[in-house]
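Mind having a look at this structure? Questions to follow.
Residue numbering begins at 1 within each chain, and the chains themselves are lettered A, B, C and D in the order written.
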Amino acid sequence: MASRTVSQSASLREFFRATRQHSLDLAAPLSDADASAQSMPDASPAKWHLAHTTWFFETFVLTPHMPGYRAFNPAYGFLFNSYYESAGPRLRRDRRGLLTRPALAEVLAWRTHVDAALDRALDDLPDAARALVTLGCHHEQQHQELLLTDLLHLFSENPLAPVYTEDAPFPAANADAHDWLAHPGGIVSIGHAGDGFAFDCETPRHPVLLQPFALGSRLVTNAEWATFIDDGGYRTPTLWLSDGWAWVERDDVTAPLYWQREDGGWSTMTLAGRRSIDTAAPATHISYFEADAFARWAGARLPREAEWEAMAGSPALSQMFGACWQWTQSAYAAYPGFQPAAGAVGEYNGKFMCGQFVLKGSSCATPADHARNTYRNFFYPHQRWQFTGVRLAKDI
Amino acid sequence: MASRTVSQSASLREFFRATRQHSLDLAAPLSDADASAQSMPDASPAKWHLAHTTWFFETFVLTPHMPGYRAFNPAYGFLFNSYYESAGPRLRRDRRGLLTRPALAEVLAWRTHVDAALDRALDDLPDAARALVTLGCHHEQQHQELLLTDLLHLFSENPLAPVYTEDAPFPAANADAHDWLAHPGGIVSIGHAGDGFAFDCETPRHPVLLQPFALGSRLVTNAEWATFIDDGGYRTPTLWLSDGWAWVERDDVTAPLYWQREDGGWSTMTLAGRRSIDTAAPATHISYFEADAFARWAGARLPREAEWEAMAGSPALSQMFGACWQWTQSAYAAYPGFQPAAGAVGEYNGKFMCGQFVLKGSSCATPADHARNTYRNFFYPHQRWQFTGVRLAKDI
Amino acid sequence: MASRTVSQSASLREFFRATRQHSLDLAAPLSDADASAQSMPDASPAKWHLAHTTWFFETFVLTPHMPGYRAFNPAYGFLFNSYYESAGPRLRRDRRGLLTRPALAEVLAWRTHVDAALDRALDDLPDAARALVTLGCHHEQQHQELLLTDLLHLFSENPLAPVYTEDAPFPAANADAHDWLAHPGGIVSIGHAGDGFAFDCETPRHPVLLQPFALGSRLVTNAEWATFIDDGGYRTPTLWLSDGWAWVERDDVTAPLYWQREDGGWSTMTLAGRRSIDTAAPATHISYFEADAFARWAGARLPREAEWEAMAGSPALSQMFGACWQWTQSAYAAYPGFQPAAGAVGEYNGKFMCGQFVLKGSSCATPADHARNTYRNFFYPHQRWQFTGVRLAKDI
Amino acid sequence: MASRTVSQSASLREFFRATRQHSLDLAAPLSDADASAQSMPDASPAKWHLAHTTWFFETFVLTPHMPGYRAFNPAYGFLFNSYYESAGPRLRRDRRGLLTRPALAEVLAWRTHVDAALDRALDDLPDAARALVTLGCHHEQQHQELLLTDLLHLFSENPLAPVYTEDAPFPAANADAHDWLAHPGGIVSIGHAGDGFAFDCETPRHPVLLQPFALGSRLVTNAEWATFIDDGGYRTPTLWLSDGWAWVERDDVTAPLYWQREDGGWSTMTLAGRRSIDTAAPATHISYFEADAFARWAGARLPREAEWEAMAGSPALSQMFGACWQWTQSAYAAYPGFQPAAGAVGEYNGKFMCGQFVLKGSSCATPADHARNTYRNFFYPHQRWQFTGVRLAKDI
């Protein structure tokens, strides 16, 4: 029993240290100003991500579970709580970019302080607190992805189109022909069960009855998207959901986010600056509205979440992970028997089950060990600053 | 064969005549001004409903299918098209209240003209056109309900709280104790099949796999809702969806729509003017956000659409129809294999499958022959000017 | 003394009766619906004008000064108070179009009731109350103009372009060449003094020191405005005030309000329906922003209020009255020594002295006996639904 | 002639160098993040001020007048043009906080480059270009004040209430009794004439005819403002302009900007952090609406611009300069005979003559040699993030 705990601690310690270090690595190329600016209410400054993930460990682990621990700075609770009503009031989300203080260096000092305390405390933590450390690491991995996508949005607003790094992640190309992979339908089980980590919303694992269907073998490419544009996709209201067409008209949408027409083609903003599109790379920064309209134009439809998950292990399907999050037509909703986690972290997922759609897979910006078949990402249908793309589906 | 057609025609003719007459009956108590005003973009003037339903028959049946028919007034197409992109441009939805012309009398004259033409044409219409007449009658029934709820909203904005009719529809009281009715789960079939009329979105009928659950035997009452309020339901963020709490805070929501505190209780606006609430009547004019928060407060949840439909025939469940539409936790989405109807009426349902929730049953304002088990009504989660209420569910 | 009072009463009675009758005449062509709709927050329904002017007499004259008078309907105070904080709370301005009740006929009955009461009371009213009757008549004359301009705006929003009357007022043409009439400057007196009626803001009469200047002999014509458009006036930011250019860009302004391009020219909306513009008629429905930009384009400027008033009697200047209100570059502000009227009517003018510009003269919709040299009309610089036009000025 | 030019150059060189150095001194306490954030569209980041003032010299002096000069970075024109339509397109004003690049250090390098170039070029510049250097220095002085007030606003939004410097400027206290200083009226001359520098809007000097009046001997104090609050000043609509009351209600205004109730008094945000108010210091961060309401409450009024200027030299009046800008009731408008400066800098003032009110004097944040009697500062009536205060006036 003791040895098991020790080895678990070792592994958790390692996971914690690696996760915390990875955030620092991601922030390394950023100036204090880069790390402090907020380009839209949906996005947060990199410094805020670094701080909020630290707040998570301090608030949910150290303060309640480490005897004698004192908060580094009591004012930080107000500044870096995201949306936990149970954890008290907080700064308005759209004002995060006004926090030029604490400086990036002060936030990094806070991280050092918390990391050292947690490292000392880890062996003595009760299981429930250790589970929160695990959750906190997965939470931080989510914010690592957001740090990159939020930064990309910020840099896209700068006419200088700054380069975050020449070695930036981007969805890899796949020049294969598009094919269909069939599934016979029937009862399948989806959702998480067993020992590994999963968020509460992935549970309970449960059976679902499917009709026969097929999934596209790869993601829709930039070349295919350009054809959709050239065919008047953004000017044909009957291709769009009612809310989607209203969005197109209000925001004058004519292409994926970040695309700009250049002589002889299109460019897009990347973490390595503005680049010509790679025609064989998957189209990305696509809203649900666009994904749905494209699928209709293509004579297909978007997958249901259970369909995607039922075929997730098939080797014939490429780009399931590591390229783009894939919109499903499934609203983000509770699985039968779903129970939110106990305590404040019960606000993590359940309260967002309204108006959002599930995305499956993972993207080029997702930490590799963060992806799994049962993962349920979710965004509103107009949002597209994540690395989102389209895999087609059809009834058969 | 001929006789079958005649008898069908007779029946359709009867349905058409009765439907068209019922709209006139509903509008009879209204002045020209009452019938022309629009209290919010979501609602339409009664006159507009009378005109739009007429436009439907003229545009989709008479013009294409009755040789020699000429539109009563070509300008009306622009004024009274609701949202059919295929049928051309249209007046902005929020400007319908500015159409003081054509006067109510002119719209009624148009109705007479169209009714007479369709009566003459009916026997000679091809089957597809006859199906559109049927659809147009069901469409008009939907607008009959909207005419009443939109009028109620308009009158609620008038400090004089006008009475539409003393003999107004309202959800009937049920003083029975609340009970739970269990269902064992398993595969059930939902959706429409067979000969009777249904909207495209109710098809195809298909199997669904359910977990065991129970439904509440009756709707939540005004008395229960008042307890929720007294218990701080509208001041407790952890009871609410994230979007719901934002809505509560932004709109300063503290009670169902139309409720006002009076000495010693609550009043509400009805089609018979402002009245004290009936404690045993079902709580109504409830948003999805409120329904969901109430259910959480009550230690229960909202039903899924398939759960509701699977138990719809049970005699142990009261108020399934004719009282209040009942929010489900199911997003309005395509059934497996769904195909929108052909032609412009394909815009009727499918393009709204985003961001809305299904309501089952029917309300006191629904024409009685318009209700059925497979019916799928849908609204956005903040909307509550319909006669919407809450039936609880729980896992077992 | 008594005889003076009697003759004054006779005259005031006559003025009161004529004014009240004129409002009825203006409303005669309107349906209940026409009279009840509100096309924008700035405009009010005709019925509301009929009611508000009645409320003025009831609230400020009859209730306080006629022993035993009882308000016709106590609820009307809330409905028909415009902006008098001293007179209690009131319906939000943008909701006036929701008052389908009281019906037009009920408002007319109220008018009859108040008119009869005031007719009976008039001889016995104290001087202060009689002064309020006079004020109320001038107040009603202002609303008579607004009734027409608000109706024009309402009808302009109706794609049917309804005709209010074929015999509608419009600014008369003047085909004379444009000339300049010089003034040597020096000390002039402006503002009201003496016995006749004036609003408080026109007082006190006071000296002003002017530099030499000249005024245009007539208003700017539609032909001249079309040249401004053709010369790129609406696409040249350096012609515009900063706020004006922001308005042009935000609202995509390309021509005066109501103008539409037709084959071979322009049409505009009038109280007689949509008509081709009369090239020799004065350009109207012009905002201050447009007036100022036009003047800059023309190498001229707008008049100052005192300049306009100093030359108001000159026979060489045409269209000073009865065509279009004429924008001045003078902000609406207190004259030196200005004191608001005592009591609630002190809110009539003074509290609007911020952000608005003075217009001089009168328009084709102004009751003829309502115009005078000292009159100070005022609107915000973006507003243009009144009959507003441009007279040029320049330094010499 | 040559010697005059040399000595003038010497003096202009000195002014230029001192002005440019002062901006650097003001920015010295700021981090890159502090200098890059934008707290509202009205305010700009400190880095942007440093860059924009540099752009002014590069665009209007060096590029057109220094042979062979090449812009440091051609992209900066788009980033740092403020509102000069003649100088081409520019970044949206509300996006200035997204420019995390160029970094502060890069902007400082640009400053060094431009300063060196201008230092070399100065002796050879034609008179018109030298006049633009002078204008550019006064322009930079304006931005020095804005740098401080914009930073104060940014820091006020940070719950940590950062200290810019302990040695911060603030409006000095004056415990003297309030007295009235009379002026007999008559013709006075206002506006600029002669050799010294003035902005175009201060010219031409011209006579104005005044009525007798008196000015308050000092500014309204914090103690007096607290009394206004305690007396219900912010809850009494009849004290307010109509637009002012709408602003109070919409923004829930209950005190000057930055004031917070503390136990036993009020605190306010300063450049030295949050501090208790000094009761004898002048009330500051006051909107025109508040200034006007306070004056009405006090039985007084705000001065007219000409009144203030006519008495500006009187030794009996304290705090005319160096404490708070003083709202006048005069709209910012063209003086008779006003001609905007030639070229792009003609956009400097004239196009803002709409909807704004003149403020006279200067504030604790104004460079001392920037103030003069004829100075015309201007802001919209709701704006109050400058060091604005109230001097009373009255008719006599």
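Just so we're on the same page, a contact is a pair of C-beta atoms (placed from the backbone, for glycine too) under 8 Å apart; a residue touches a chain by one contact, two chains touch by 3 or more.
The structure displayed is predicted, hence computed values, not measured ones.
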Label of the chain whose CA centroid is most distant from the centroid of chain A: C
Same vs different contact residues, chain A with chain B, by half of numbers used: same
Euclidean distance of C-alpha centroids - chain A vs chain C, Å: 58
Mean-CA-position distance for chain D and chain C (Å): 37
Chain B and chain C, separation of their C-alpha mean positions in angstrom: 45
Multi-partner residues of chain B (each touching 2 or more other chains): none
Residues of chain D defined as touching chain A within the complex: 31-37, 39, 47, 75, 78-79, 91, 95, 97-104, 154, 157-160, 162
Footprint of chain D on chain C - complex, ascending: 83, 85-86, 187, 206-211, 237-238, 240-245, 288-289, 292, 301, 304, 329-331, 333-334, 336-337, 347, 351-355, 381, 395
